[in-house]
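Take a look at these structures.
One chain, subunit A, links the two complexes that follow: it is found with subunit B in the first and with subunit C in the second.
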Partner chain A sequence: MVDNEHLIDLRHICKEYDGVTVLDDINLYIRKREFVTLLGPSGCGKTTTLRIIGGFETPTSGELYFEGKEISSVPPYKRRVNTVFQKYALFPHLNVHDNIAFGLKLKKMPKAEIDKRVDAMLDLVNLRGYGKRKVDALSGGQQQRVAIARSLVNEPEVLLLDEPLGALDLKLRKEMQLELKSMQQRLGITFLYVTHDQEEALTMSDTIVVMRDGHILQIGDPKHIYDEPANAFVADFIGESNILRGTMVHDELVSFAGHEFPCVDFGFGSSVPVDVVIRPEDIMLVGEDVGQITGIIQSVLFKGVHYEMMIDCGDFTFKVHSTTMQPQGSRVGLSIVPFNIHIMKPMELPAEEAKADAV
Partner chain B sequence: MRYDMQLPWWAWLLMGTALVLFILMVVISVRRNHGVKRSLFASPYTLWMLLFTIVPVILIGYYAFTGTDGTFTLDNFRNFWDSNFDMKKLVGEEYASTIPRGTVNVDTLTYSLWMAFLCTALSLLLGYPAALFMADRNMKLGSSLVVLFIIPMWMNFLLRTIAWMSLLEDNGLINSLLRSIGLEGVQLMYNSGAVLLGMVYNFLPFMVFPIYTSLSKQDINLSEAAADLGCSPMQALMKVTIPLSLPGVISGITMVFMPSVTTFFIPRVLGGGNTMMFGDLIESKFLTEGNWNVGSALSLIMMVLILISLSILRKADPNGEGGGIV
Partner chain C sequence: MNSGSKLTRFFKRFYLALILIFLYIPIIVLIIQSFNAGKSRAKWEGFSLHWYGELFRSASIMNSLEVTLLVAVLAMIVSTVLGTLAAIGIYSMKKRPQSLMMTLTNLPNTMPDIVTGISLMLLFIFTRVDRGFWTMLLAHITFDTPYVILSVMPKLKQMNKHTYEAALDLGATPSYALWHVLIPECKQGIITGAMLAFTLSLDDFTISYFTTSPLVQNLSTLIYSAARRGIEPTLNALSALMFVALLALLLVVNKRTSEN
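Then we have the complex of A and B:
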C-alpha cells in the first residue's frame, strides 16, 4: 500500500517564535499513500510542523522538500497540499456545495464538471442532498465531513488534518476514525494527521511520530511504538504504563521494586540505572505463593472490559488490568514474563516532572 | 458669569426615578420568576420614548401639513418643490406664470444627497483599507492605529471642524507653508471640496469601526483556508474576507450616510456662504425665517428619504450582523 518514494522530507527544521524554540531539528519523511500521525501533548510542536508543511508558517531554518523540490518559501496556494482545520473553517457565506466547489472554481473548471465532482464528494462523505444547506445549519460531524470533502475534492497529494475530530463526541469520533482510514485507503492519498489522542493514532496510522517539546521522540508503526517505546515518556503517553526506576544487574536480568526479574534486554552494561516499563495488562495476578513479588490490592475500579487494580508491593504501587477481579485488601502474587518487561535508558526529565514521578 | 450648579427640582426627580428604575431592573433580571409582570417595568421607557421621540415626530407631521393659520394644506410641500410658491401666491394668479419655479430647495436636497454619497464612498474607500490594516494580527502597528482613530473623537465635533479652518484659510497653515517655499497660495476654503473634506474627516471613524469590528471577529483560519484551497492573497481578500465583512460595511455606510445627508454647520464653516446643505436649509427655515411649517415639511421629506435608504440597506444585512442601527 505505502510506496517507498518519499513525498515530503523535513530536514533539520527549526522554528522559533520571539526567541522561543518551538521546533528543534525536526527530521522526518513521509511516503506516498502513507498515513502518518504526529502525536504528542499540546505544545509539543505537532501543529506547527503541520502548518509549516501547509505553508502557513516558514521554518526559521532547515529545508522542506516536496517531491524533491525545496518549498519552504512557496506560499500555501501554490502547494499541492490541502488542510482540514481544527475548527473546520468553513466559509459561512457559502452553502455546502459552494464550500466544496471553492477550490475547483479557482481552477476555472467548467461548471458541469464542478457539479459532478462536488456531488461525488458529497456521496463519499455521506452527505448526499446536503448541497443547498447553509453550513452553520449542520451538526459538528456534518461540518467536519464538509471540511474534509472541501479539501479532498482538490485531489491533493497530501491531506493535512489538524485534530479534525477533536470537537466531536466519542461515538462519532470513533466512527469518523474508521471512515477517514477507509477513505484514505480507497483514494490512495497521503494523510498527515495531528492528534493528542494516542488511541486515535494507534487506530488509524501507518506511522506514528511521537513528539514532545519540539523534538521527535520516536517514529514507528503503531505496534512498534506500543510494544517497544523508545523511552518512558513515549511509554506513558502511548497507553497506560507502570514506569519504574530500576537497575540493570547484567544482560537479561533487571532489578526493580526490590526484586530481580529475568528479561530479554541486553547491552546496557552491568549495574546501570534504567527505566523499566510494564504495561498494566502484562502483569499476571497469580497465587500469593507463586508470584515473583506479592502485594496488597489497594483499589479496584471497573473499567468495562477489565478491572483496574492498584497493587501496593511496598516499594511501588503497580497498576494492573485484569478481567478477573480480586477483592480489595487481599494479598496477591504478581508475575511478569521476561518478554513484557521493557528496559530503556533513563530519560532526562525536566526538574518538575522528575519530582512528579517521585511522588 | 455665575454658574448655577443647582438643578431644578424636576431634574432631580427625573434622575431619582431613573436610578430607582435602574436598580429595579437589575434586581429583576437577577431574580427571575418574581410574579410581577416584567413588561410593566418597560412602561417608563415607553413613556420616555413617547414624550421625546414620538410626540416631536407627530408635531413635525402636524406642522408640515398645516398652514400658518392651522388649517390643513399641502402648500408646505409645494413650497419645497417651488421655493417661489409663496411669492406666486402673493402676486396672484395673473402674474404667477411670469415667475419661474424656484429650485433652491430641491437643488439643496440633490446637492446634500450627492455630497453624502461622495462622503460615504470616500469614507469607505479610505476606511476599508484602514480597518483591514488595524484588524491584521500580524501588524504590530494595528492597535496604535486604532488609538489614533479614537483620539480625535475625544475632541468636540465643532472644534475639530473649526481646526480645519486654521489649516485651510487663505492665511492658514497650508497656504503660509506654500508661500514660504515660494509658491502661490491656493483657495482651499469656501468650496464643496472643503466641505467634503470636513465631512469625511468627521465621519470616517464611523465607517472604520464597524468594519474593523467585523474584520477582527473573523476567524483567521478562514483566510488561511482560502489560501489553502488555492487563493492568492488578493483572491482570498475578494472571495472571503470582504464578503464576510459586508455586515460591517453596511453598518458603516449607514452610520456615515445618515449624518452626512443631514449635516449642517460643516458647510457653513468650511463652505462659507457658497454651499448650503439640506440640514442648513432646515435650520434656516426654523431659526432664521421662523417658518416652522415649511421647515417641518422639509424635515419630513428628509426622514422619508432616510427611512427608504435604511430599508434598502436592511435588505443587504437581514440579520443585523454588522451591529449597526439599521
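Then we have the complex of A and C:
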C-alpha cells in the first residue's frame, strides 16, 4: 500500500517562540499513501510540526521538502495539503454544502461540477441530504465529518489531522477511527495525524512518531513501537509497563528485582546499569514454588477484559494483567519468558528535565 | 402570599413608576407642546402642525439637519471601516499588545465628552486647522471608532481560533479570507457597531460644540445657541422628531444585541 517515494521531508527543523525551543532538530519523512501519527503528551511539539507542514508556522531553521521542493516559506493557500483542525473550525455563516464547496469555488470550478463533487463527499462521510443544514445544527460527530469532507473534496496530496476526534465521546471516537482508516486506504491519500491517545495511534497508523519535549524519540510501525520501545519513556507512554532499574550481568542475562533472568538482549557489556521494561500482560502468574521470583498480591482491580494486580516482590511492585484472578494477600510465583524482557540503555534526561526532577 | 410582601411589591412598582414618570414627563410635555397652535408655553391654544411646517421652512434648521445627517452618515461609514479593520488587527495581536490596545479602546468611552471635546479643539488650534465641517467630522469619527471596535471584537472572539487558517488552508488568499470568512462571521457585530456610531454621532452635543465653528452647526449646537435667545416652538417640533428617530434606532440596536 505505502509507496517508497518520500512525499514530505523534514530536515533539521527547529522552532523557537520567544527564545523557547519547541522543536529541536526534527528529521522525518512521510511516504506516499502512508498513515503517519505524531504521538506525544501535550506540549511535545506534535501540533507545531503539523502546523509547519500546513504552512501556519515558519520553522526557525531547517528545511521542509514537498515532492523534493523546499516549501517552508510557501503560504498555506499554495500548498497541496489540507488540514482538519481541532474543533473543526467550520464556517458557521455557510451551510454544510457551502462549507464543503469553499475550496472548489476558489478553484473557479463550474457550479454543476462543484455540486456533483460535494454530493459525492457527503455520501463518503455518510451525510447524504445534509447539504442545506446549518453547521451549528449538527452534532459534534457530524461536524467532524463535514470538516473531513471539506478538506478531502480538494483532493489533497496530504491530509493533516490535528486531534480530530478529541471532542467526541469514546464510542463515536472508536467508530471514526475505523472509518478514517478505511477512508484513507480507499482514497490512497497520505494522512498525517496528531494525537496524544496511544491507543488511537496504535489502531490507525502505518508509522508512529513518538515525540517528547520537541524531540523525536522513536519512529516505527505500531507493533515495533509497542514491542521494542526505544526507551523507558516510550514504553511508559505506549501502553502500560513495569519499568525497573537493572544490571546487565553479561550477554543474555540481566539482574533486577533481586534475581537474575535470562533474556535475549546482548551487546550492552558486562555489569552495566540498564532500564528493564516488562509489559504487565507478559508476566505469568505461576505456583509459588515454580516462579522465578515470588510476591504477595497487594491489590486486584477488575478492568473488564482482564484483572490488574499489583504484586509486591520486595524490591519492586509489579503490575500484572491476567484473565484469571488471584485473591488479594495470596503468595504467587512470577515467571517471565526471556523474549518478553526488554532491555534498554538508561534514558538520558534532557538538561531542563533533570533540573525539574531535582526540584 | 401575605400582605407584607404585597406592600413591598406595591412600593417597588411605585418607585419604578416614579422614575419613569420623572424621566419621560419632560419629553412627553415637549412632544405635546410641539402640537400647540399658539406660541405660549403656558396656554394650550389647540392642536396644530403649524410648528412642524415652520420647522421645515426654517433655512437654518434645515441646513443644520443636513450637516447633522451628513456628519452622522460619513462618520458611521468611516468609523465602521476603521473600527472593523482595527478589531481584526487587534484580534490577531499577541496577548499583551492586545490587552493594551483594548484598554486604549475603552479609555475614550470612560472619558467625559468634555475632555475629548476640549482636547480635540486644542489639537485643531495647535495644528492650525480651521474648525468647521471637516473638524467636526474627524471628531465624530474619533469617538465613534472605539464603539465599533467594541461591537466587533466579541464576534471575533466567539469564532473558532482556526477559522481564518481554515480558509487559507482551503486555498483562500488572505484578502479573500478577510472578505468571505472573517467579515461575514462578524457581520452582526459590524452592523450593530455602525448603528451605534450613527446614533452617537446624531445626538452628540459636547464634542461637536468644541470642534465646529459658529458657521457650521449641527442640530444640537443650533438648539443650544437658539435656546440662549429663548426657545422657539419650532425647536419643540424638532426635538420631538429627533426623539422619535433616535428611539426607533435604539430599539433596533437593542433588539439586535439581545438577539446575539
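Everything below uses one rule, namely that the second predicted complex is superposed on the first by the 349 of 359 C-alpha atoms of A that agree within 3 Å, B and C clash if a C-alpha of one lies under 4 Å from a C-alpha of the other, contacts with A are read in each partner's own complex, and residues count from 1 in each chain.
As a working rule, a contact is a pair of C-beta atoms (placed from the backbone, for glycine too) under 8 Å apart; a residue touches a chain by one contact, two chains touch by 3 or more.
Predicted, not measured: the structure shown is a model, and the values here were computed from it.
After superposition onto subunit A, the modelled positions of subunit B and subunit C overlap sterically. In the superposition on chain A, contact of A:N82 is made with both subunit B and subunit C. Shared-chain residue A:F102: touches subunit B and subunit C both. Shared-chain residue A:T49: touches no atom of subunit B or subunit C.
In the superposed pair of complexes, A:P92 makes contact with subunit B and with subunit C alike. Annotation: subunit B segment clashing with subunit C after superposition, chosen from 1-9, 91-99 or 163-171, is 163-171.
In the superposition on chain A, the residues of subunit A contacting both subunit B and subunit C are 54-56, 75-77, 81-83, 85-87, 89-93, 102-103, 106-107, 150-151, 154.
Against subunit A, in their complex, subunit B makes its touches with residues 219, 221-222, 224-233, 235, 239-240, 243-244.
Touching subunit B in their complex are the following residues of subunit A: 54-56, 75-77, 81-83, 85-87, 89-93, 102-103, 106-107, 150-151, 154. Against subunit A, in their complex, subunit C makes its touches with residues 160-163, 165-173, 176, 181, 184-185, 187.
Chain contact summary for the complex, subunit A toward subunit C: residues 54-56, 75-77, 81-83, 85-93, 102-103, 106-107, 150-151, 154.
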